[in-house]
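Structure first, commentary second.
Chain naming follows the written order as A, B, C and D, and within any one chain the residues start at number 1.
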Amino acid sequence: MKRNQRTEKDETVYESTPERVTAFSDGVFAIVITIMILELKRPATPTFGALFAEWPTWISYIVSYVFIAIVWINHHYLLRHATVATWRLIWANFAHLFSVSLIPFLTDWMAETRLQSVPVVMYAFVFLLVNITYLLLIWETMGTKKSTDVPNRARRLFHVRSVLTNLIFGGAMVVALWHPYIGFAMVGACLTLYLRPGVPGMRMKM
Amino acid sequence: MKRNQRTEKDETVYESTPERVTAFSDGVFAIVITIMILELKRPATPTFGALFAEWPTWISYIVSYVFIAIVWINHHYLLRHATVATWRLIWANFAHLFSVSLIPFLTDWMAETRLQSVPVVMYAFVFLLVNITYLLLIWETMGTKKSTDVPNRARRLFHVRSVLTNLIFGGAMVVALWHPYIGFAMVGACLTLYLRPGVPGMRMKM
Amino acid sequence: MKRNQRTEKDETVYESTPERVTAFSDGVFAIVITIMILELKRPATPTFGALFAEWPTWISYIVSYVFIAIVWINHHYLLRHATVATWRLIWANFAHLFSVSLIPFLTDWMAETRLQSVPVVMYAFVFLLVNITYLLLIWETMGTKKSTDVPNRARRLFHVRSVLTNLIFGGAMVVALWHPYIGFAMVGACLTLYLRPGVPGMRMKM
Amino acid sequence: MKRNQRTEKDETVYESTPERVTAFSDGVFAIVITIMILELKRPATPTFGALFAEWPTWISYIVSYVFIAIVWINHHYLLRHATVATWRLIWANFAHLFSVSLIPFLTDWMAETRLQSVPVVMYAFVFLLVNITYLLLIWETMGTKKSTDVPNRARRLFHVRSVLTNLIFGGAMVVALWHPYIGFAMVGACLTLYLRPGVPGMRMKM
């Protein structure tokens, strides 16, 4: 991968490339987030009782919807900075999308078993995967770009957040073995750190 | 969110941003509108009788298809005015898409129970959600743009229509508790107010 | 819909509009053509016999895939000519997409009943709908554009083909009542008239 | 198809055309790769045992995911070179997408039967189809473009790789009749030849 040999001209000729990566990613995100909702089971009887009896399902779907939305926003925020679709960026992105597409599977499992221990452990594990693959994307995007809009302080804060979130997701896995509700709450709390895709050191341009 | 500090330069650098939001939204709309049709059940026997016996299903699917089309047209019309994908625009859009993706679920429930009371109440409720989240989008799009193509009179008419449609959808929920057919008709009638996405005060540019 | 009042400026400002219509349409086409294949049933036993026993299903799916491909190519060919997404264009397009999204449903019904009479009649009927809605699109696209690349002779040939294909699809419906195989062959033969999206009077620019 | 008569002007007027082909293809790829994951069955009990008991399914899904990713990367790499969406390019692309959309069907069959002979033969056959249709795309894209970035040596290497990979996929079909595990490994090994979409004679510009 002779990325360093790439000239200005090449980037101009193939500038449409990163756009196809984001278009493909958006397709995957749109399918994952929509199919999850479409597969909701219809209540057995046409009563409010039957509808509200499904509340654990409803809550876990709404929560997962919000989580996927947060992941999309961060993905969207990051890939704007990508100017070239390198080989490593594409594979990091595929790994990221793979992790994301496991979320509905685990949401479903977790809702069906009403937040039992093992499904919540695996749910936290999937978010750990989503987070790690996102870090690969940050690495590849920020590392290859020597622009002035990513100052050193921001870069450092990005790394602090990365280590922190990985520790929390990993911790949630362990905690969920005994206390699935607390483990689930930890996953949710950790995702709030991504509500704003940028870090304090960067001007919020979204 | 230092939106006011954004300079002309920033908007130029990140001008592709709102386009990715609409592309993502189109993906979700396309999935919602298509899956609904693809999940139609095949008639038990190869006869016209078996096909036409499903008429309540057919009608509710065609009606929901037209409704989602109207929602898409209005979304499409509005987001053309968005020049920057702000944090609030993105979240209002996710809430809007969430509401839209509940439509097939309720269409199905309504068709299965042949327009019983509770499913129709919830159907009207989902359209109330779609409407409220659309108002958030209008707010965010029109509010952040001080262009001359949204005159004050148009803005006022937009707000009159908003209050009116919310009242009708809310009314349909109450009416459907006793008269589901009338409640369903009210939802349909209300949506005709959105057949033309613009309001009389604005030149129709679609 | 003051389409005639639109000035050059408006078209420039909103030039991204028809692109969103085609993007949305592509989403629907991609879902329809892919889901049809994904829903194929797995053979009961891991033998070539079990796989080939499903040959009527295979043939009807391959044929429908080719048919949808032809419809997409014509849609793609036509919408390149659209410069503005008018209200009528958008609704004609929604009607067209609705017809297209019925194809998998009928392919499935036809394959399951092994080309019995009624499913083939309805299959021909759906293609009649696809054709009629395509004519609406032609009308709207060619009618609003006074460019030199659609000469009068081409326009006339377009109309001859339209009438002809409507007659054949309609004829196939009637014939299929007694001879479903012949009716199905008529649908296929008729679609070959669309293999080349243009008409002889126009230079083939695809 | 008077492709040779096309002038510079035509290409400028219709330059959006190949983009719609890639957008449509991305939609199909996104659906194929995502639905495969979404259809994973939930384990019967909420235990790690039940989850890991499904390991043959997990492995075959992860492998197919990687394979489809490789196919997408090559498709993406090749279509960047396409400047005009010719009639033949569009049909080669539809044949390619058809082959790709058969992968989940066979992954599922293979996983369910735990790598029995016939499903693996058919799996290798589908990759042979994917490869042959990709060669048609190469032919159409490279053949119609007389640019300097495809030197003769690269073109020759492309053809050597084509013949080689076709032989391996064909060989895998034969071998899988007696040794499905070896046949499956051959398919995997062969795809590594496509890990880098370019050939040594071309500068890696991805």
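One rule holds in what follows: a contact is a pair of C-beta atoms (placed from the backbone, for glycine too) under 8 Å apart; a residue touches a chain by one contact, two chains touch by 3 or more.
Please read all numbers here as calculations on a predicted model, not as lab measurements.
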item	value
Contact-connected components, chain B excluded, all else fixed in place	one piece
Remotest chain, chain A as reference, centres from CA atoms	C
Equivalent-chain rotation between chain B and chain A, CA atoms, steps of 5 degrees	90
Interface sides of chain C and chain D: same vs different residues, half threshold	different
Rounded Å distance between chain A and chain D, as computed from the means of their C-alpha atoms	26
Cα-centroid distance, chain A relative to chain C, in whole angstrom	37
Overlap residues in chain A, where contacts from two or more other chains coincide	23, 27, 30-31, 35
In the complex with chain A, residue positions of chain D that touch it	19, 22-23, 26-27, 29-31, 33-35, 37-38, 40, 42-43, 46-48, 51, 62, 65-66, 69, 72-73, 76, 80, 196, 203-206
Chain B residues within the chain A interface of the complex	1-2, 5-6, 10, 14, 16-17, 20-21, 23-24, 27-28, 30-32, 35, 85-87, 90-91, 94, 97-98, 101-102, 104-105, 108-109, 112-113, 116-119, 122
